[in-house]
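The following pair of complexes shares a single chain, subunit A, combined with subunit B in the former and subunit C in the latter.
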Partner chain A sequence: MNILEVKNLVSQLNTEDGVLHIINDVSFAVKEDECFGIIGESGCGKTMTSMSILGYSDRIGLKAVSGEILFKGEDVLKFSKKRLREYNGKEAAIILQDPMQALDPLFTIKDQMIETIRRHQKVSKKEAEKIMIETAESLSVAKEKLNCYPHQLSGGMLQRIVGAMVLSCRPKLIIADEPTTALDVTIQLQYLKLLKRLQKEYHTALIFISHDIKVISMMCDRIAVMYAGEIVETGTRDDLFYHPKHPYTQALFKATNIDGNIRERYETIDGAPPNLKEEIAGCPFAERCQYATDACISGKPEVVKINDEHTVKCRRIADE
Partner chain B sequence: MKKLYKQKQVNSLPIVSLVVIGIFVLNGLFGSLILPKDPTETDLVNKLLPPVFFGGTWNYPLGTDELGRDVLSRIIAGGRVSLIVAAAAIVVGGIVGTALGIIAGYYENLADTIITRLTDASLAFPSILLALLLSIGIGPGEKAAIIAIAFAMWAKYARTVRSEVLIIKTANYITQAKIMGAGDLRIITRHILPNIKDMIIVMVSLEVGMSIISEASLSFLGLSVVPPTPSWGQMIADGKNYFQNGWWVSVFPALITIITVLSFQRFGNWLKVSKGGKA
Partner chain C sequence: MRYLAKKIIEALITIFIVTIIVFLAIHSSGDPINSLLPDSATEAQRQELTEKLGLDRPLVEQYGRFVKDALSGDLGTSYTSKRPVLEMIAEKLPYTFELALVAIIIAFIVTIIFGSLAAIWKNTILDRIILAIAAFFKASPIFFIAILAVQLLGVKLRVLPVAGAGTPLHLVMPAGLLGLAIASDMTTLLRSNMIAVLESDFIKFGRLRGLPEYKVILKHALRNSFSSVLALSSFIFASLISGSIVVETIFAWPGVGILSYNSVISRDFPVVQGIVLILSILTILLSFTMDALLAMLDPRIRKSV
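This part shows the complex of A and B:
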């Protein structure tokens, strides 16, 4: 069962300098209980996609031009304000990047967690406290830490507390937007393992957004590769790692030592991502792609199905 | 090591300053009850009597002025004007400045542009000139002084608050609150205001002294309270013409002004450091 389906989403951001084409025809589906990864470099629309899924796009000026975001069959883009308030936190929630800023420095962790729990569930203060302690313990946060103020705790601890806050409301879908970028490497691994374990335990769907291939490969069952506001390739982890089809995916893997071989020099991708101010007529990667032909630059590539899960948006594959 | 030790800052409670501030506030509120003499009663026979240790009597501890009025009584009565004008100006300027600063920083739209330009304009506009214009418009008095001082101050608040709000509003907990559907008013009252509270308190405590000085300057120029109501600036102005045979008429109110302002500055600095700022 798909808990979330994004269908042909096109979104634009109106800025002083003109229209930015942030999300261009993005489609993907997330199943219940699965961890779905979105990978892509900075500014390719990962965060904007997650904001759209939360129904938050309007408030940051992101206009959905066409397409729909179906959460259990309901279109999030058409939610009323009241429905959105129910939806956020209780059904879908997000873990943001920097845990140091995630909590208001003026209130204790306890105050903030109880407020969040009681916002979404009709429980007494005592019951809320019980839920809080339970979830905190499942994320190995000691009870005493809950009486602290955010500045007294480390980043890893805070990110776990944010995780506990999110999980305490038992959402069906959690978006983790680069949750480990601000943490140091040892804490990263610890946190990811914890998150993965809890995702299985609580049976929630997790959308994991990152630019770190290693982290994504560790966490996710299925992965989408995003580039310049488009999803260029989707597939299971094995599909993508052993048979990457899109030149961008291939280039991404070549730039890391994900296969275990330490290279003396890592390959880089020449050039920079395209300017989102102009609508791109063809494949967004064409300018940097070594296989690009004139057709790639002038026309959008079709989505090619390789197997049930694996799809790729590339003319070269289509021609084969 | 020794040097390091010396550089370590000790932020001790400024007891003397607190006592002075306490006396200033109490005097402003209840000073009229302990007036030894009527501060406006003239007595030309006893004019320009020296203070008690300079050949005067205990009858007039700080001497009398050119019209025979008791200097001590006039200082006590003048303190009330200083307190009222300074406090009112701080309240008006602080509230207006904070509100505009929050609007500008939080919304960052056309209103922000307008408020920022107004801030620049008001910082460039001399407050004395404004006080002059106001006293022509509504006549000199406390009201004109309060408006003029508040007008000179709001821009500082607006500017500082705006820059602080710009930082706070990008924090994740604000984004999260917005995603949860919290309205602007809730975010401002629950998250932004409490987070800038300390900063505003420190600013106010540092501005009180400046406000008292401004009131004294306006009084000195005759733009604040109208005689016969005494005020410190006015007394300094009166005394300057008799300085050679009655230095006490202007020196005592000047000394009191300096001590009060210094105490407020010292206290403000202490507050700032104890709230985590730099001295």
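This part shows the complex of A and C:
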């Protein structure tokens, strides 16, 4: 069962300098209980996609031009403000990148957690406190920490608290937007393992967003590769790992020292992502692609189905 | 607590410096013997009074006596009315205090309402109107606005009394104008702070936790942006005190302001000295109160030293 289906989403950001084509015909589906990864370099539209899924796009000036985002069959883009407030936190929640910035510095952790719990569940203060302590314990957050203010705690502790806050409302879908990027390297792995365990325990779907291929392949069952506002390849972890089809995916794996062997030097991808100010007529990766033909530059590639899970948007694969 | 202790020490040091400045300013403003004795006084009489007042003593000793007298409530005697300065100020101070307090309350209410509205609907017509009115109050001298208000509300429409004290209606124009004058600075400050706060992650996360918008604004955004307004309140109170002198004079409000105006005109130095001393201490106490309020709002300040 799919809990979330994004269908042909096209979104634009209106800036002073003109229109930015942020999300260009993005489609993917997330199943209940699965961890779905979105990988791509910065500025490729990962975070903008997650904001759209949460119905937050209007607030940041992102306009959905066409397409739909179906959460359990309901279009998030058509949610009323009231419906959206129910949806946010209770059905779909997010863990932001920097836990140091995610909590209000003027209130205790406890205050903000109880505020969240009582927003979505009709419980007394005492019951809310019980839920809070239980959830905090499952993320190994000690009870005493709950009386602290955010500035008194470390980034790792705060990110666990944010996790507890999100999980306390038992959402069906959690988006984790680079949740470990702002943490110390030493606790990154610890946090990821915790997140993975809780995702299984609480039976939620998790959309995991990262630019780090190692982290993504450790966490996710299925992975989508995003480039310049388009999803260029989707597949299971093994599909992408062992049989990457899109030249960008291949280059991405090459650029990362994924097999653990120490290489003399990392491969890099020549060139830079395209300017999102102009609508791209062809494949967005064409300019950097070593296999690109004239057809790649002039026309959009079709989505090619390799197997049930594995799809790729590349003319070269289609021609084979 | 260490924060408050630090602030108390700071306040005491400031008061100490104020007494030195007041003392030196008066000392350097000329020989008081000239104003105390008639021109026909003999050299012996002048000598006698100088010794009696201790003016022949070293400066430090004179300062010590000034502080000692001030602490025991003796701020000297007025040249013009021959009454004790403290008594003269004490009977006027409640009026000034009332005016200042009501002005502060008005300023805070106006700031919170209009600063928030302008921030939430930034770059809309409402925001521009609020900013334009704030700019008008900031740019125009308070006596000018006061005269306009008197003409319109007091003389043309006859809805408010133009001068004096006694009823709450008498307070409306002076306290309202004074409040608006300081609110103009605070409103633009709150607006820009809140615009920045509204863009921060914890507001975004608050909304994405599903919190209703009123809670996001009133609880989280307002509190976070208001603390920086409080942090700047010392500057605001300085303009409150100087503004009150102008406002009191225009509206014949029987407070310290009008007394100081009269004393300056008649070169009644002991009274001026007393007023400057007491108003300075009042300002220092007010900013101390705001610092304490700030510490109540912001746990990071409480813990830091």
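Following the convention adopted for this analysis, the second predicted complex is superposed on the first by the 320 of 320 C-alpha atoms of A that agree within 3 Å, B and C clash if a C-alpha of one lies under 4 Å from a C-alpha of the other, contacts with A are read in each partner's own complex, and residues count from 1 in each chain.
Rule of thumb we're sticking to: a residue touches a chain if its C-beta (ideal position, glycine included) is under 8 Å from a C-beta of that chain, and two chains touch if they have at least 3 such contacts.
Values in this document were obtained by computation on a predicted structure and should not be read as measured data.
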| item | value |
| --- | --- |
| Superposition on subunit A - do subunit B and subunit C clash or fit | clash |
| Subunit B versus subunit C as contact partner of A:151, first or second or both or neither | second |
| Partner chain(s) touched by A:288 [first = subunit B, second = subunit C, both, neither] | neither |
| Which of subunit B and subunit C A:94 touches, first, second, both or neither | both |
| First, second, both or neither for A:85, with subunit B first and subunit C second | both |
| Touching partner for A:56 - first (subunit B), second (subunit C), both, neither | both |
| Which of subunit B and subunit C A:196 touches, first, second, both or neither | neither |
| Subunit B versus subunit C as contact partner of A:105, first or second or both or neither | both |
| If touched residues of subunit A are counted for subunit B and for subunit C, the larger one | C |
| Identified clashing stretch of subunit C versus subunit B [62-70, 152-160 or 260-268] | 260-268 |
| Residues of subunit A contacting subunit B in one complex and subunit C in the other | 54, 56, 59, 85, 88-89, 94, 96, 98, 101-106, 119 |
| Residue ranges of subunit A in contact with subunit B within the complex | 54, 56, 59, 81, 84-85, 88-89, 94, 96-99, 101-106, 119 |
| Residues of subunit B defined as touching subunit A within the complex | 170-173, 175-176, 178-181, 191, 194-195 |
| Touching residues (chain side subunit A, partner subunit C) in the complex | 54, 56, 59, 85-90, 93-94, 96, 98, 101-107, 115-116, 119-120, 149, 151-152, 162, 165-166, 169 |
| Contact set on subunit C toward subunit A in their complex | 200-202, 204-212, 215, 219-220, 223-224, 227, 297-300, 303 |
